[in-house]
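Taking it in order: structure first as structure tokens, then the write-up.
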Amino acid sequence: MKHHLILLVVSKLLIPFLLLFAFYVQMHGDFGPGGGFQAGAIAAAAIVLYTLIFGRRAAEKAVPPRIVEAGIPLGVLVFAGVGVANLLMGGNYLEYNAFNPAHPVEGQHLGIILVEAGVFITVFCTLVTIFNTFARRGR
Amino acid sequence: MEDLGFLGVIGHINQWITVFLIMAGLYIIVARSNMIKKLVGLSIFQTSVYLLYISPGKIIDGTAPILSPEWDTYSNPLPHVLILTAIVVGVATLALGLSLVVRINEAYGSIEEDEIYKDDAD
Amino acid sequence: MTLAVIGVRNLFGLVVLSGAYSFIMATLLIAMDAVDVGMTEAAVGAGVSTVLLLSALHLARTEEAPGKVFQPVAAILALVTGAALIYGTWGLPLYGDPDGPIHHHVAPYYIEQTPEEMGMPNIVTAVLSSYRGYDTLGETTVIFTAGLGVMMLLRGRRRDGGKPKKGGQRRDDDKKDEA
Amino acid sequence: MLEHFPVLIIIIPLIAGALCALARNEVVCWWLTFVVTVVCFVGAVTMLNLVQDGGTISYAMGGWLPPIGIEYRVDLLTAYLLILISLMAGIVHVYGRRLVQVEIDEDLRGWYYGMYLLCFCGLMGIVITGDAFNAFVFMEVSSLSMYVLIALGRDKRALAASFQYLIMGTIGATMYVIGVGLLYIQTGTLNMIDLGVRLESHLTEPTAIAGMAFIIVGLSLKLALFPLHLWLPNAYAYAPSATTAFIAATATKVSIYLLARYLYTVFGFDFAILSTPVPEVVLVVSIAAMFAGSFIAIFQDNIKRMLAYSSVAQIGYITLGFSLASIDGLTGSLVHIFNHAMMKGALFMLVGGIALQLGSVRLKDMAGIGREMPWTMAGFVIAGASMLGVPGTVGFVSKWYLALGALEFGAWWIVALLVISSLLVLAYMGRVVEVAYFRPRPDGAATLQDPPKIMLLMAWLLIAGCVYFGISTDFTLGTARDAANALIGTAP
């Protein structure tokens, strides 16, 4: 991968902000547009940009593929696990109220945050992995 | 191009766009032999569904379904949720389709459906 | 725009066009108050899909083989579908009409109850994660399936003589290949 | 815990699928899948009992009552299909271990089982859900995993077949979504029962009719109804043998179930069947499927392709029952869903065994294997006889009820067509038997044996089922008849 100075500098500036924005979109999903899926897509875009500019080696050092691959099922497990936890707490599946029967709203908040986190993990990891897989196939 | 006159026109314009997109997408899928083009046609076909769902949910003078004290009319949130899901399903299908195309290209050296079936017949 | 997609032969041009198409679609969706959807379409349609298409093009050919320009069968099929849809949407309420049936069943519940039951202003998030949270679980599973599928398809040994990715030894008996 | 069964039998395979993707170890994943399918089968049987005792079970996902949230709804027909799917998944899974070891690359086997579980989960999810859009989501889970499972076939044509299926399957699913969208615009709800109630006053409006048309066409693509069957033969023929046995026994059945659900529960028997041209169209198409499928099957050299075309024909029998507008006809259809899954499952499993031992599934290579693989070919003959409809087998039971339905419909000619189409079955099944038993093995060919015992055992389990349920019809026929009564009776 050739090293263009402008690309390097711009991307170094851009990527942290992309990740930060992704984090904002994730956490702000309750109030404004956004949520786990969009945040995952944006964060993945940041990693893809990083890969394109700094090369695959550097990217794999920053985001180890093994961990990312493990994240794909992990996100689903988090989501499904929330449901199972609700079951164990005496609610129906994905009934977040069960987290905190005295304050259902709090329970809902907790449930939604956890679930969105699960979505984020799966989406982010899947998109990065798909990109890596395509890139690696090219060699 | 087809959406230039959109904002000013009220009526069934949304449905005309939907219909046009569905027809175009379906035409591309059936008529074109190139697999990548088929997949793009497929996503156009799926996009048309987004409009079909979202447009009836809109209320003139309403706003996005994010509660705020200044508004009391909101567009219907349910179609938005459904279409978010549909978009995700669409991109998942696209990713899987593309990886199949890559494998097909390796196996046959071509991504034209016609050539592949000719190859199979031998 | 869409017509150009039908016409263009160079697949690279096609990808750029479809990206632009997604952006227009996203704008359109936001114009219809679907901010969440618009945002996703911009991120996914214009972003992710374009990257995916480009990486696939990188691995395949970029020119479409010449073929017939017009396919009557396809056109008839498209026309029939379009006609059915026009028939189906003919009697529907006009665009933006607040009296349509979809505004009077189920949806008002979400709009009215979300502040009480969820305590959050974004109704879309509330519906997505809680009222219809199970759909979202399914959606996450779809993504997971696709990710796993891409890995399974592209990580195996290459059939064109390339090396297997992991230590898996190449199978020597290809007796099944004949089937 | 009992009240959570509906969601558990979907969620357990899902979680197990994710765990398989993490574990990647072949042995661990195999056992996990095995345990999961057994648990789900037990759960499905328990639910059938619950439904028979206490009526329909409704489960509110997330605690939100039906029109607001997503509902899981288990009635007789649902439980019946859940049993079928989990039974087939378990049997094919035990059967397929050796085949997977031969056909799938070593480092992919753990993931293969994960995919298998996801496909299983998706199919069960479609059946159990009472929500129109949720059905679409799970349809995509099952379809995407099915595309992958098919593409793993060793023949490169598996890739092209999978791509073709992906295109046609996605068009079908999108059409289904368009139809659901139209109904949603008309009614404002996505819950199937609620849709049925609210559609009642709108049924004659264009939107409802167009919605019905889109749903029927979309599902017909998925279930490979005759002119839309193009994806099926290649997909079945080139997929790994274990995959073929599973999807042939379950995948199209699930779409058929969904179609029945729409025709009878959502649109209602009185409207969909009695006052639209749907039954006439389905009747013509089904008969075309019965003959075209069987006829093309006669000329196939690849046995898997032959059986695939035979599936196209058998799907025609099932949809034929829908169009007969009678309880007997519908009973015949529902019973044939189960019966055909057993027969075709058994046949594909035996063919998988032949492929393993012989290394080929071409008819011309099969000369004389009847004596060297006695158990395989004997099973083939019995399952084939069942396809034909010989009395004492399940095939006879379904055809008998279809014929009764046709008589009630007042159409002798349909009965005649049923008999004639059975002769076509005799033609293609007979060809295999003739080649396998009455032609000599080519000189110098290596001696063959029956496939490993576990594979034979599983196939013979289904064959025994073909005979057992052909004689003692309490479970299949009884449940199907009750379900048919419920479908037609509860129609609004």
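Lettered A, B, C and D in written order, each chain numbered from 1.
Definition applied: contacts are C-beta pairs under 8 Å (C-beta built on N, C-alpha and C of every residue); 3 or more make two chains touch, one makes a residue touch a chain.
The model shown is predicted, which means the values in this text are computed figures rather than measured ones.
*Asks:* Of the other chains, whose C-alpha centre is the longest way from the centre of chain C?
*Replies:* Computed centres place D farthest from chain C.
*Asks:* Could you compare the number of C-beta pairs in contact for B-D with that for C-D and name the larger?
*Replies:* C-D
*Asks:* At what distance in angstrom does the C-alpha mean of chain D lie from that of chain C?
*Replies:* That gives a centre separation of 27 Å.
*Asks:* Could you please state the distance in Å, as a whole number, between where the Cα atoms of chain A are centred and where those of chain C are centred?
*Replies:* 19
*Asks:* Mind checking the centre-to-centre distance between chain A and chain B? Centres are C-alpha means, answer in whole Å.
*Replies:* Each chain reduced to its C-alpha mean, chain A and chain B end up 24 Å apart.
*Asks:* Listing for chain B: what residues touch at least two other chains?
*Replies:* Residues 22, 26, 29, 56, 64, 66, 78-79, 82, 84-85, 88-89, 92-93, 95-96, 98-103, 107.
*Asks:* So which bits of chain D are touching at least two other chains?
*Replies:* 14, 18, 21, 61-62, 114, 133, 137, 140, 144, 147-148, 151, 156, 178, 182, 184-185, 190, in rising order.
*Asks:* Counting only residues that touch at least two other chains, what does the list for chain C look like?
*Replies:* 35-36, 40, 44, 48, 52, 55-56, 59, 85, 89, 92, 100, 102-103, 106-107, 110, 121-122, 124, 128, 130, 132-139, 141-151, 153-155, 159, 165, in rising order.
*Asks:* Inside the complex, what are the residues of chain A that reach chain C?
*Replies:* Contact set of chain A toward chain C: 29-35, 37-38, 41-42, 44-45, 48, 69, 72-73, 75-76, 79-80, 83, 93-94, 96, 104-105, 108-109, 111-112, 115-116, 118-119, 122-123, 125-127, 129-131, 133-138.
*Asks:* Using the touch rule from the top, collect the residues of chain A that touch chain D in their complex.
*Replies:* 70, 72-74, 76-77, 80-81, 83-84, 87, 91-98
*Asks:* Given the complex with chain A, which residues does chain B contribute to the contact?
*Replies:* 64, 66, 84, 88, 95, 98-99, 102
*Asks:* So in the complex, which bits of chain B are touching chain C?
*Replies:* Going by the criterion above, the answer is residues 1-3, 6-7, 10-15, 18-34, 36-37, 39-41, 43-44, 47, 50-51, 54-60, 62-68, 73-85, 87-96, 98-103, 105-107, 110-112, 114-115.
*Asks:* Can you list the residues on chain C that touch chain D in the complex?
*Replies:* 84-85, 87-92, 100-107, 109-110, 130-135, 137-139, 141-142, 144-146, 148-149, 151-153, 155-157, 159, 164-169, 171, 174-179
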